[in-house]
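Next come two complexes, and both contain chain A; in the first it sits with chain B, in the second with chain C.
Let's turn to the complex of A and B:
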């Protein structure tokens, strides 16, 4: 396939991610600006690092909701760290779900927390798939 | 790649327990011509100083331990919370400047550093408090 065509696909995919609210345009663009010849895969490395770390954090959050009594303080601490990382890559929908989770956590609402944590997990997984496809395309375009 | 000649300010220490933040902040500072080092915690940062390391600027999540040992380097607090009480805590702990995480916009850092340069005296290294 012609390279220009692939590059257009890449641009189209990226804009979709922004327009559909999966990624924050400004944040993601700033990360891309840090990529250069000395660091040609910087953005993909950052995203990989994020997913390695965030999977663990989600597991830890799930664990807090299984324990009795529920340690809402601990849950909020983990969530705080998770939200920080998600913001760093501009994971918008994930972040919005985190904000909801934070509210239920502050209110010590167990059912609300369980429900919104599932939402966080879902958005996290969807974004992962979208980004994997995106980076695959980036690599193909060369 | 942006370059900036910051003659006296060219070494930075990034302190954060999140490897993602360490990587991103390192990259941003490197893009401005800094040599960077990372530490996972305030304790690691203090250990680095104790071992004789010195930095022109430190970006970290908590400043109490470093100030406590008489470090006179400029310290920039970086946090994902923007609450007033957090900012107050940072100032009380001896912070020079405060910034919201993540610090990915290199353009924002330049005026911050210019400002610190103008306020600073030559860095004599950690002052002994004992």
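Let's turn to the complex of A and C:
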């Protein structure tokens, strides 16, 4: 397939991710600017690192909501870490869901926390799929 | 007195408990041509700063950049420990935080942090680092030169009889330092006085 065509597809996918609010344009672009000949896969590497690390954090958050009594302080601590790394890779929808979860956590609203944690997981999973497709296309385009 | 222009001569110690943020700050710093060491806690940072495995200072840290929120020793705690240490207090410290809390920012700046960056940190933020590193390096080199010159001078005075003051000696007549041992302490005194009287309002503006 024509390389230019592939490159256009990559650009199109990326813009969709920005326009649909999955990725923060500024932050993701900043990550791409950090790539060079010596570090050509930095963005994919850091995203992979994020998904490995955040899977653990989500599990830990779920565990806090299972325990009784619920340790909302601990939940907020884990959430703080998770939100931080989500923000570092520009995961916008995930980040927004985290903000909602944080509010329910501060209010010690169990039902609200459970609900929004599910939302966080959902957004987290959707973004992962979108990014996997995106990086595959990037690799194909060379 | 050649002050090195190349940033690759400058070594930054980055402290963050998040593996993602460590990777990011490392890449940001390397892209800005700094040598980087990353550690995941304040206690490891202090260990790195104070350990000289070969018994001489090969690894000189020119700046510490640390996350604020870390389990155990926070970035603020680390900042305090660095500024309270006679060995380390000259090292410029920058704090990073994902939260924009004005009282937190003021507290850090008052404790001696040079800058406070909001996360995620951008390349443009790192452009603010060099002046802080250079200022400290120039001060250090000046004092080293003054120190060496004074030492030579004192050695000469021992040899010869009374001489009229040389130009160098006149330049050094700042805080009166009768002997070599007190010289270092007095230098540090000078530095810490400078630090506390420096106005901070400019720095707060950088956060917005």
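Keep in mind that, in the parts below, the second predicted complex is superposed on the first by the 142 of 142 C-alpha atoms of A that agree within 3 Å, B and C clash if a C-alpha of one lies under 4 Å from a C-alpha of the other, contacts with A are read in each partner's own complex, and residues count from 1 in each chain.
The rule we apply is simple: contacts are C-beta pairs under 8 Å (C-beta built on N, C-alpha and C of every residue); 3 or more make two chains touch, one makes a residue touch a chain.
This one's a predicted model, so the numbers in the text were calculated from it and none came from an experiment.
On the superposed chain A, the positions of chain B and chain C overlap enough to count as a clash.
Using the contact criterion defined above for the overlaid structures, shared-chain residue A:48 touches neither chain B nor chain C, since it reaches no partner. When the two complexes are overlaid on their common chain A, residue A:60 makes contact with neither chain B nor chain C.
Touch criterion met: A:34 reaches chain B and chain C at once. Look at A:100: by the touch rule set out above, it reaches neither chain B nor chain C.
Comparing which residues of chain A touch chain B with which touch chain C, the overlap comprises 27, 30-31, 33-34, 36, 39, 42, 45-46, 49-50, 53, 80-81, 83-85, 87-89. Across the complex, chain A meets chain B through its residues 27, 30-31, 33-34, 36, 38-39, 42, 45-46, 49-50, 53, 80-81, 83-85, 87-89. Considering their complex, residues 17-21, 23-24, 27-28, 31, 69, 98, 119-120, 122-123 of chain C touch chain A. Of all the residues in chain A, the ones that touch chain C in their complex are 27, 30-31, 33-34, 36, 39, 42, 45-46, 49-50, 53, 80-81, 83-85, 87-90. Chain B contributes residues 1, 17-21, 23-24, 27-28, 31, 80-81, 101-102, 104-106 to its touches with chain A in the complex.
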